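Shared between the two complexes below is chain A, which pairs with chain B and chain C, respectively.
Take a look at the complex of A and B:
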């Protein structure tokens, strides 16, 4: 937690004007909770996060969610498409409202509220799919 | 030179540093001022938020005195009430107003949210992610604090107020203050900032202009303090250092080029200038870098020995100057000029009342060096009496105050036993009534304007005597006077004005130097003779005198040098010389005058050798005509006055 706070704080301080870098850094940190891969493949439907690929060489955009290590979405219809599918990569909603609606599928939410980046992790799914997560992320569980 | 240069460089560097410091300080000031203003505004915002937070805390404590987290968890309507309460304080300025608490896992979670923008409200128990360590510190310290949020879009300051009344809970009331507020304030401050920047630029321009002006001033001042010919300091610089020079730690020397007038007369001013330049360079080489050299007058140089001013050092440097200057001739136009210098040193200027007096003392030593044979150093060792030397200023003042007198010494016609002539002799009476003879002041003023003034006064007084008593009066001139156009013109002018009496005037020419431009000299002598004035050669038989002079000048009178006359009672050779001169005079029909006739025995010999006239204390001492005729003449001598 301290680490992520530190990263965020440092990013804000040092790259205060580079929101894109900040977003990429946080996404990378979130992805690292669930995967050890150096290069992280991301399927993204939220255009707000399109710029993260330009600023981080370790984040790779993929067009098919099947090939992704992490899914970022703000599209409610997306959940209909994947409703019956299993073994999907972790899904992170970029809208808190969507997360609340799809707690059975979403592993968490990463969204902007009150001008701040917010991270929420879904304890039910995480406990089901991942036995352990790093201690510093326990604070984000709900 | 070095002294001025150093002080100039130091001052200029100081000004440049000052300018840089001012630029930095002004920019820092303009930025700091803004930050200060901002801090002031934040403080006001803090006070306002604190006031509101207290009110909100009081209200909430009233409805839920204990265990607020649990109360809100259980009671939905209470949550709605609190949300509503918070929303009352949320507006465009306080964009987000909400309550968070720290749970057991160390995560902040929403308790209530009354934010102005409903979409931005957090749900009850929703995780809240703060991005500043201030949140944790507020929980720990239980004291309100704030954090700047400029990096978060639309937010400026976040004010955090801990609800300390809930002792077992870690609850914070948060006010996120809008960036709009900051922008509005900045818009107010921007003109002030612009004004400050403009003022800064203006001040920098003024400072730059001051630096430039100072640079120009010092350049001009340096120029005005430097003699363009020798590149040494001039007298302006002396005025400058006068105020702060420490006479206790310096010695003063006055150096004067020997026979410089003759160099100028003989070779012209251009070569004279080259000599001055060369001497200045040699002086620089012979002195130390910290000694100060000033071109004090035409061929006079003032030297301030500023360190190690003991007698031995001064003596050593002064002798080095003499050697440096005289050791090799100055080569000009394929000619070698052997130039020497005389130096007078005042090693203890602090003993004088002022710098001027200290220089006068050095000048007196210089005078002694000059009269002592030149090319030498005279250091005042307190054993040398300077009482009987008059300096330029004293002479100038005496002339201005009419203390220059013409005394007249009678000249006897030996055969008729009558006073037939008087020699006009200059005397200066000082403020104490002491009388100074020409030997005590003439060398000091030779070839100066004062000398010309003195010559004119003496001529005027001589004519006045002539007109009053219809008696012949002789006035002394030296060879150099006939090369001085001003003196020559003044002489002819006065003769023309008194043309009726010109035959009473005798010009005694002192043979004190060789004649370089013979043609000019003889031409002027011939011209004077046309006015019917008489020409006499003074001090014949001494100095540069020779028979050649008799041929060139064709004098009416020969005045035999006193040194020969004084010896005629005891020295047969002197008698023989006297006899020879007398015979030459008779052959050439030149009248003869013997000087230094101090007793009757001398007079008798003169009579025996057919010397025409006699002059000396036995005949009569010089007297002031205002006081009447000399009282020392023997009663047998007939005076004309």
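Take a look at the complex of A and C:
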């Protein structure tokens, strides 16, 4: 009986992990466009991404944006106000409307649209700050 | 043809892409599909069309999905309306297929299920579809059915966009859809509008064209704030009704003009386990029918050549469900009431006015329902439910009480799942049968309730790469209603109908974006003690692929149907190209080889002796190509 419990627990946790691990993997890959660090510090304000830190050993949640390697946010307005005071890390918006409003600030956006998750990279900022980005991401430049 | 099919199926597999960011995004789209939040595994055996599936199919209407459901076929009645169990001159079986959009059942009072029309309406506002088959489940709705199709509308949180879609197709068909779905703070909304001009291939009988063209305008809107959702739908259109009721199959432009309105409020709170809803719908229908020769005869000898019938129908529903959950039990109690009303303010046969409803116009249904799901442990679950319905008819029509019960056992382990259900229940005659028998045919006897017993079991093996299952079913129906030509009225059949079925399913994932689905099935229907059996069998294969900016969808439905000479082979294919994130183009072929299963129709001239006219080999699925464009703004 214990074995069955273990198998069920494992299968449920695997299913649960699947989604959060997948989101974590996507965020990790996005962060790796801009940083070579093995351990990536993320400052996150969007509850949709709260679970990415649960089982991923390469993503570290930080509570201060100035210590982060990447900011995930659904509120770019806030960072717009403090942009001049701090040297902010790359900001990935999780709302496309926000991203369109703050194209001078957000380096990209990862959001749901038309029933699918989408990734958009801001070509203006990327070309200014980064000489090369991996080839496979060129198609996400807009 | 077979070689060509093989090339279509295999070509995309040869080009499978490696895992990259695009693959990860597609994987997330599949794993986070909204069906994971809405499906109810304990409600029966489940077939799911995810958002990504429907998107790659570029599905237009539900009829495409119905054609793929195992053990049944897609069929249309003599008016060109969807009716999978159509038998000429016989009443629509009441609890066979029921359709829901979100939590609302599509139903009208007199004309029955709205599947007839909804199956041919554009469903671009639908996110995903769940099909429950095998055994009826009371937890899915007020009147349980053998097949329950649940369509869920697009979720604004997943859309965040405005989309314009335009398509042109064979025979001059056109479709234009637009939807907007967004969230603002705690509010979210979905607005969808569609105009369809669907021209069907004309069938000719004695050089008279039989038209099934449809012109429909459709609107759906919803607004949600936290736990409360408001919905509204309106539609209007003109439907050409094929051969109408013309006994010599020589109709003169028969058609229906209709308009429909619906609104409803829904409340759902996972914290307190309460789900409640209130909704109302009404429709007006004007039916024009005419024939070059004779349309009908009113005994003893009044012959008429045209018919005009106006029907007004309305349905109001109220429902409340409360779930109590403990560590081992989930107990749900629910009550529902439904008020159905119809009037026939105008009904003319030739110059004779028949608009006498005899007072019969409404039915009030009260239902109560109890369900308990008991988890013996994490692997073994037992479900039990009972339901009671009270049908109160007006104008001295007999009232009916019906009971149903269902017992289920579910076993779940890492790689194996088994589900077994036994259902027993009753159903009362539909309002149309009650009306026709008492008002049109002046019958004074009461019809018995139809009794149904179903036993079904399914064993499934799941791994990361594939899912395979076998399903066995046994169903017995007694006291089914049928129309008797000799006595001119509806009667209960003295024969028992028994159906045995087997279904094999196989699903293989090459990777998250690329999968193949296969099923094969057979059913044997036996009537009473007769040695004659009706044997139907079929198979289905579909392949979904995404390669870079291309999406491919191919499917082949094979059906061998008793009473139809030629086997049906329905091959469909869709190729979509995403030019940019905002713009995509697609080409879609339906019934490409024009070999889909055909239908046969008969019409009886009420003379002495009666003359039977036949129209055979009619394809309810047209061979058609669509070219479309989708633009996000």
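Everything below uses one rule, namely that the second predicted complex is superposed on the first by the 118 of 142 C-alpha atoms of A that agree within 3 Å, B and C clash if a C-alpha of one lies under 4 Å from a C-alpha of the other, contacts with A are read in each partner's own complex, and residues count from 1 in each chain.
In the analysis below, contacts are C-beta pairs under 8 Å (C-beta built on N, C-alpha and C of every residue); 3 or more make two chains touch, one makes a residue touch a chain.
Predicted, not measured: the structure shown is a model, and the values here were computed from it.
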{"item": "Between chain B and chain C, more extensive residue contact with chain A", "value": "C"}
{"item": "Contacts of A:138 with chain B and chain C, given as first, second, both or neither", "value": "first"}
{"item": "Partner chain in contact with A:128 - chain B first, chain C second, else both or neither", "value": "neither"}
{"item": "Partner chain(s) touched by A:18 [first = chain B, second = chain C, both, neither]", "value": "second"}
{"item": "Contacts of A:29 with chain B and chain C, given as first, second, both or neither", "value": "second"}
{"item": "Partner chain in contact with A:115 - chain B first, chain C second, else both or neither", "value": "both"}
{"item": "On chain A, the residue positions that both chain B and chain C contact, one per complex", "value": "1, 5, 8-9, 96, 113-120, 139-140, 142"}
{"item": "Residues of chain C touching chain A in the complex", "value": "20-22, 24-29, 31-32, 51-52, 55, 127, 154, 157-161, 163, 377-379, 412-414, 581, 632"}
{"item": "In the complex with chain B, residue positions of chain A that touch it", "value": "1, 5, 8-9, 12-13, 16-17, 96, 100, 113-120, 138-142"}
{"item": "For the chain B and chain A complex, residues of the former touching the latter", "value": "95-96, 105-107, 115, 120, 122-123, 125-133, 149-155, 176"}
{"item": "Touch list for chain A against partner chain C, complex", "value": "1, 4-5, 7-11, 18-19, 22-23, 25-26, 29, 95-97, 111-120, 136-137, 139-140, 142"}
